[in-house]
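Shared chain: chain A. Partners: chain B in the first complex, chain C in the second.
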Partner chain A sequence: MKRFQIPRGVWWVAPAVGILALMSLYPLFFLVFTGFHSISGEWTIRNFTRMASDRMLGEAFLHTAVFTVAALVLELVCGLLLAILIDSLRRGRAVLRTALLLPMLLPPVVAAVIWRLIYNPQFGLLNGTIRALGFNPSHLTWTSGEGGALASVILVDVWEWTPFVFLLISAALQGLPQESLEAARVDGASRWRIFFDIELPLLRPVLALAAMLRGMDLIRIFDQVFILTQGGPGFATETISLYIYRTAFRFFDFGYASAMSLLLLVIATMLARGLVRQLRPIAAREAA
Partner chain B sequence: MPCSNPRRRGVGRRWHIKPFSLIAAASLMIAGGGCTKQGPKLTVAINAGVEGEALRSAALEWGDKSGTQVEVVELPYANLFEKLLLDLTSNTGAYDVIMMDDPWFPKLAENGKLAELPAPDSDFIQSTVDVCRYPYKTGKYYAIPYVGNSQLFFYRKDLFERDHLEPPKTWDEVLIDASKLGFRTVLNAELTERFGYVMRAAPGNAAVTDFMPLFWAYGADMFDAQGNPTVNSPAGVAALEMMLRLGQYSPPGYAGFNADEVAAHLLQSTAAMSINWPAWISAMDDPQKSKVVNQIDFAQMPGERRPGQAELGAWLLGAPSGSRNVSGAKAFIHWATGRQPMKEAAVHGNPPTRRQVFLDPDLMERFRSYPAQLKSLESARPRPRTPQWNEIENAFGIAISKANAGSMTAQAAMAQAQADIAAIVSRAGK
Partner chain C sequence: MKRLVLAVLAVAAGLVPVYWLLTISFKTEADQFAIPPKWFAFAPTLVHYKAVFASGSLESALWNSLIAASGSTLLALAAGVPAAYALNNLKWPAGWADSIGFWILSNRLLPPIVTIVPLFLMLRDMRLLNSIWSLTVVYTAFHLPFVVWMMRGFLAEVPREIDEAARLDGASPMRILWSILLPLVGPGLTATAVFSMIAAWNEFLYALILTQTGAASTLPVGIAARVTQYEIKWGVMSAAGVLAMLPVLVFAAVTQRYLVRGLSLGAVKG
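Presenting the complex of A and B:
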């Protein structure tokens, strides 16, 4: 009888698989385990049922949704426009590309600290400039005012991460098939017609990819909000990640924090699946 | 049969032996490195800041004196509590001496997580000693007070003298003075403004810290004798209404302010009064940072229906029960909170917790605020002694911040705070 032998290759990949399991799967299982346990260590589903009646969690979800949608739309639109604009330039493209990438190179915490100083209503650069131009900015409180705090945080994210979207789209623009574009130009198609009928459909996979990567990042926004507003004023900028952090590391309710993390994971996964579907037909077509 | 193949068995053994050998070799290397130092080891967890710096110097001095290997672990304020609680809950023994902000003490001391310490002597100021007992005021000692922080009422002495005003004794007087001292003019096309009062109302600790002296002065209390929340009492609502009236004389956006924004207004001479911590005094008198050198004076906290009381913000030293060197930790804590080391810590900028250190002639000459600080500390009131304080403070702070941001009335904010705090208390009781 032929004895079963473990292929030699298994031993080579085993460490990597082991590390992956340790780093990814173990925390996930532990998260589920903790989510079903009370502070005193008993099995419970109360952490999940509590979410239905948690007003603060509802508000944090709403803020996260507004933040994610607004920032994502702005980053995609600004990134696309910048990429098209710079791609159409005859000179200085390399310099502009490098300059545009600078915000993205800053660590998010550093960017948030810089913007916190810029936004200061009395001593900040923004209101100082408005004042120097002869206008009265005393009503512009930016991150300190409940009305504009979330918008101010969105602006910082758009400033920092639009270059990432720009970079993806810019690379895709350079890889577009020139024959189709040339043929359209010869046929007398306008710039707008070329953009909407040829370039935009061809850019769809990269736009979906950018939306997926940025969407995943935005839905778990933490560092910028933590530095800029700490969720305030009031509760105006509290996001789910911040709420989970507070619940886990300020109130030490790991069970409830784990349950909320699982909910966030499910939502993020559903969002990612939706966007991956956008990629699939194009990939299938390309394969064919 | 398992492992019947000698080749496989050999491979299996090698797979076990090799990592074991590596671990053993690494352990020996680490142990060998450790062998170069002699004596017992003491790991001290400190707050990254002026309070921690003084303790670091003291710990190193103790190491030299006693022949102890001292390791100082410095953690930012935002992470210190979580690291300490994780260590104490898991009983890892990572730290032998820990530095605690006093509101954390009930959470850290419950369930015997801290080692019992001998009672401090009578030179320590009573308000700082009471918070070292678990339960509060009546229980055994699980910490010794190291830094005696309590809030002070900062005001611009030069402006008060110019306008022939007395330092305010009640919150009504603060409001009247704020209306007199604030101004806004345009001179040579440049806007110049000063706000009568500046406060911080960012959610959480910031808003609650600035609100508590008002809350207590109006006769309100967080809990009744049975431990039920009472924040939305008429007195509590009146206190928040007064805070909102003071907000009319505060800079726009103060509902998002933290300590640094408040200090910036005082330092830049754009605010006349504020509640603040003694740690900011040195910056106020530093010509490199301040436009108001020696122009800020310190008064006792204004009262209203009750005498004014400042909030206590003491730093305590304790020893985790799981420490591997509890006796060494106790000896160090006893020494570091002695009169001479505490005087040296005071020179570093730490307000002491011993009366005799406050009255030391050298220090009184050096720190002009000491008489006011001593008086404030003697009557200071700690935050409610509950293990759920972090969560309660968060909920209370959100409601206060919302009211100050203008999205809620004082009545509605206090009703929301009451409901949220009741839910936290109820959950904790389950």
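Presenting the complex of A and C:
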């Protein structure tokens, strides 16, 4: 029998694999362990059964779903329109493209701080401008009123991350086969026909990629909501991540927080599987 | 022409909020929230920037951010680049390289909130909370999938013949990586390093939970603490925000060419 030899590469990847095992794989096992233990340290499945009857969790889920879907749709539509708009310009494309990227490069905390300066109902930029124009903005409470808070937070995310979708689509547009677009134009196809029949189908993979990358980030949204509203007013903008954070680090119920984290992990994994399926052909194309 | 106007309007919508932050950071308190809002005509002051450095805690937060960002990037490159090289260029039994590479990448897809509870408990039990060095190691793990993924891509672009020729001449893999391949992928290596630094610089959730005392907290945590407390010092907070975004903008300008590839892995956001 041939003796098994450890491939030399093992030593080369060992540090990376070791760090990840310690900081990512082990915590996952620990998470399962914590999720199945009560505060007093006995084995229990109560943390999981409790989720079914937790109305706050249900609401946090609902907010996260609304947030994710609304922000995703708006960012895809705005990003696509912007990319096509900028692509159709004759001059200034490079400058405009660079300037557009600014919001997504900011630290998320800083982006949220900016919008606190804008949204503040008494002296923020928005209501200040409205007042200066002679209107009374007292019913416009933005992030401070239960009705509009979630929409206001969604708007901040759209502002911050539309550039990301724009960047991906913009790069894909430049890679489209110019010959077939030219041929369609010569054949007299209208701008809209070209867009819907040729460009949009060709952009499908990049749209799917953008949707999934954004979707992965949106379901775990934390930073901006934490700074803008802390989940309030009341419970109006509480998302899953915030609820897990509060459960673990305000109420110190690590078992229940772990159980909820596992649920979020399952959801994220299902999304990620779709993402990987989209990423693989793109990576292959890039390598070729 | 109409389209150019539309495009400029869209860019303005992106930039105006940032400009507003900039003005608030230079305005006296009386000017900050004047009605009508003062866009251009105000007497600029450096008071808030001086306050950032006078308040001690924000200055140390600045240093902590620098340590965590550069330290984690160096560590991640030191562990990640050899791994990327080995997965791409060394001999493996069938399927190993793909499986290991995929497992490394899959760590990127874990939501941070999922690992934060066990990490917090682990570090608490080892008495390693509230240390900028623990945070640096956590960030290293956070960068690794990204570094390996990016560097595999860049290394794959170098023609195989170069590697093979050097090996025929008797160079060791270490020598090949260090003296031949790395100089060839220099720009890609720089871009990877910059992206990692930005990600660590911008990161908030891990820092918030793992460094709760002022002494170890990073800049985003320091800013957040000033937003959520009862009385908000808008000027100081804005000045700190401007300081937090400046390095990111400089670095992003340097690596513009690689933005798409880097960002599609969520490089910039923590």
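Here, the second predicted complex is superposed on the first by the 270 of 288 C-alpha atoms of A that agree within 3 Å, B and C clash if a C-alpha of one lies under 4 Å from a C-alpha of the other, contacts with A are read in each partner's own complex, and residues count from 1 in each chain.
We take it that contacts are C-beta pairs under 8 Å (C-beta built on N, C-alpha and C of every residue); 3 or more make two chains touch, one makes a residue touch a chain.
Please read these numbers as outputs of a predicted model, since none were measured by experiment.
Asker: In the superposed arrangement, which partner chain does A:Ser138 touch: chain B (first), chain C (second), both, or neither?
Answerer: It touches chain B, and chain C stays clear.
Asker: Determine, under the contact definition given at the top, whether A:Ala183 touches first (chain B), second (chain C), both, or neither.
Answerer: So A:Ala183 meets neither chain B nor chain C here.
Asker: Once chain A of both complexes is superposed, is A:Ile45 in touch with chain B (first), chain C (second), both, or neither?
Answerer: neither
Asker: Which partner, chain B or chain C, touches the larger number of chain A residues?
Answerer: Per-residue touch count on chain A favours C.
Asker: Touch test for A:Arg8: chain B only (first), chain C only (second), both, or neither?
Answerer: Touch partner of A:Arg8: chain C, not chain B.
Asker: When the two structures are overlaid on chain A, which partner does A:Val69 contact: first (chain B), second (chain C), both, or neither?
Answerer: neither
Asker: In the superposed arrangement, does A:Arg246 touch chain B (first), chain C (second), both or neither?
Answerer: first
Asker: Now for A:Leu105: first (chain B), second (chain C), both, or neither, which partner does it touch?
Answerer: The second partner, chain C, only.
Asker: Could you tell me if A:Phe235 is touching chain B, chain C, both of them or neither one (first, second, both, neither)?
Answerer: Touch partner of A:Phe235: chain B, not chain C.
Asker: Mind working out whether A:Phe123 is in touch with chain B, chain C, both or neither, as first, second, both or neither?
Answerer: Touch partners of A:Phe123: chain B and chain C.
Asker: Which chain A residues are contacted by chain C in one complex and by chain B in the other?
Answerer: The overlap between the chain B and chain C interfaces on chain A comprises residues 120, 122-123, 131, 230, 249.
Asker: Flag every residue of chain C that touches chain A in the complex, lowest number first.
Answerer: 3-4, 6-8, 10-11, 13-15, 17-18, 20-21, 24, 32-37, 78-80, 82-83, 85-87, 90-93, 96-97, 100, 103-104, 106-107, 109-122, 137-138, 140-142, 144-145, 148, 153, 156, 173, 198, 201-202, 204-205, 208-209, 219-220, 223-224, 227-228, 234, 237-238, 241, 244-245, 248-249, 252, 256, 259-261, 263-264, 266, 268-270
Asker: Along chain B, where are the residues that touch chain A in the complex?
Answerer: 5, 81-82, 85, 89, 107, 189, 191, 201-204, 251-258, 261, 264-265, 268, 270, 388, 390-391, 394, 398, 401-402, 404-408, 420
Asker: Flag every residue of chain A that touches chain C in the complex, lowest number first.
Answerer: 7-9, 12-13, 15-17, 19-20, 22-24, 26-28, 30-31, 34, 82, 85-86, 88-89, 91-92, 96, 98-110, 112-118, 120, 122-125, 128-129, 131-132, 159, 163-164, 167-168, 171, 209, 213, 216-217, 219-220, 222-223, 226-227, 230, 240-241, 244-245, 248-249, 254, 257-258, 261-262, 264-265, 268-269, 272, 275-276, 283, 286-287
Asker: State the interface residues of chain A toward chain B in the complex, per the touch definition above.
Answerer: Answer in residue numbers: 3, 56, 120-123, 131, 134, 136, 138-139, 141-146, 149, 229-236, 246, 249-253.
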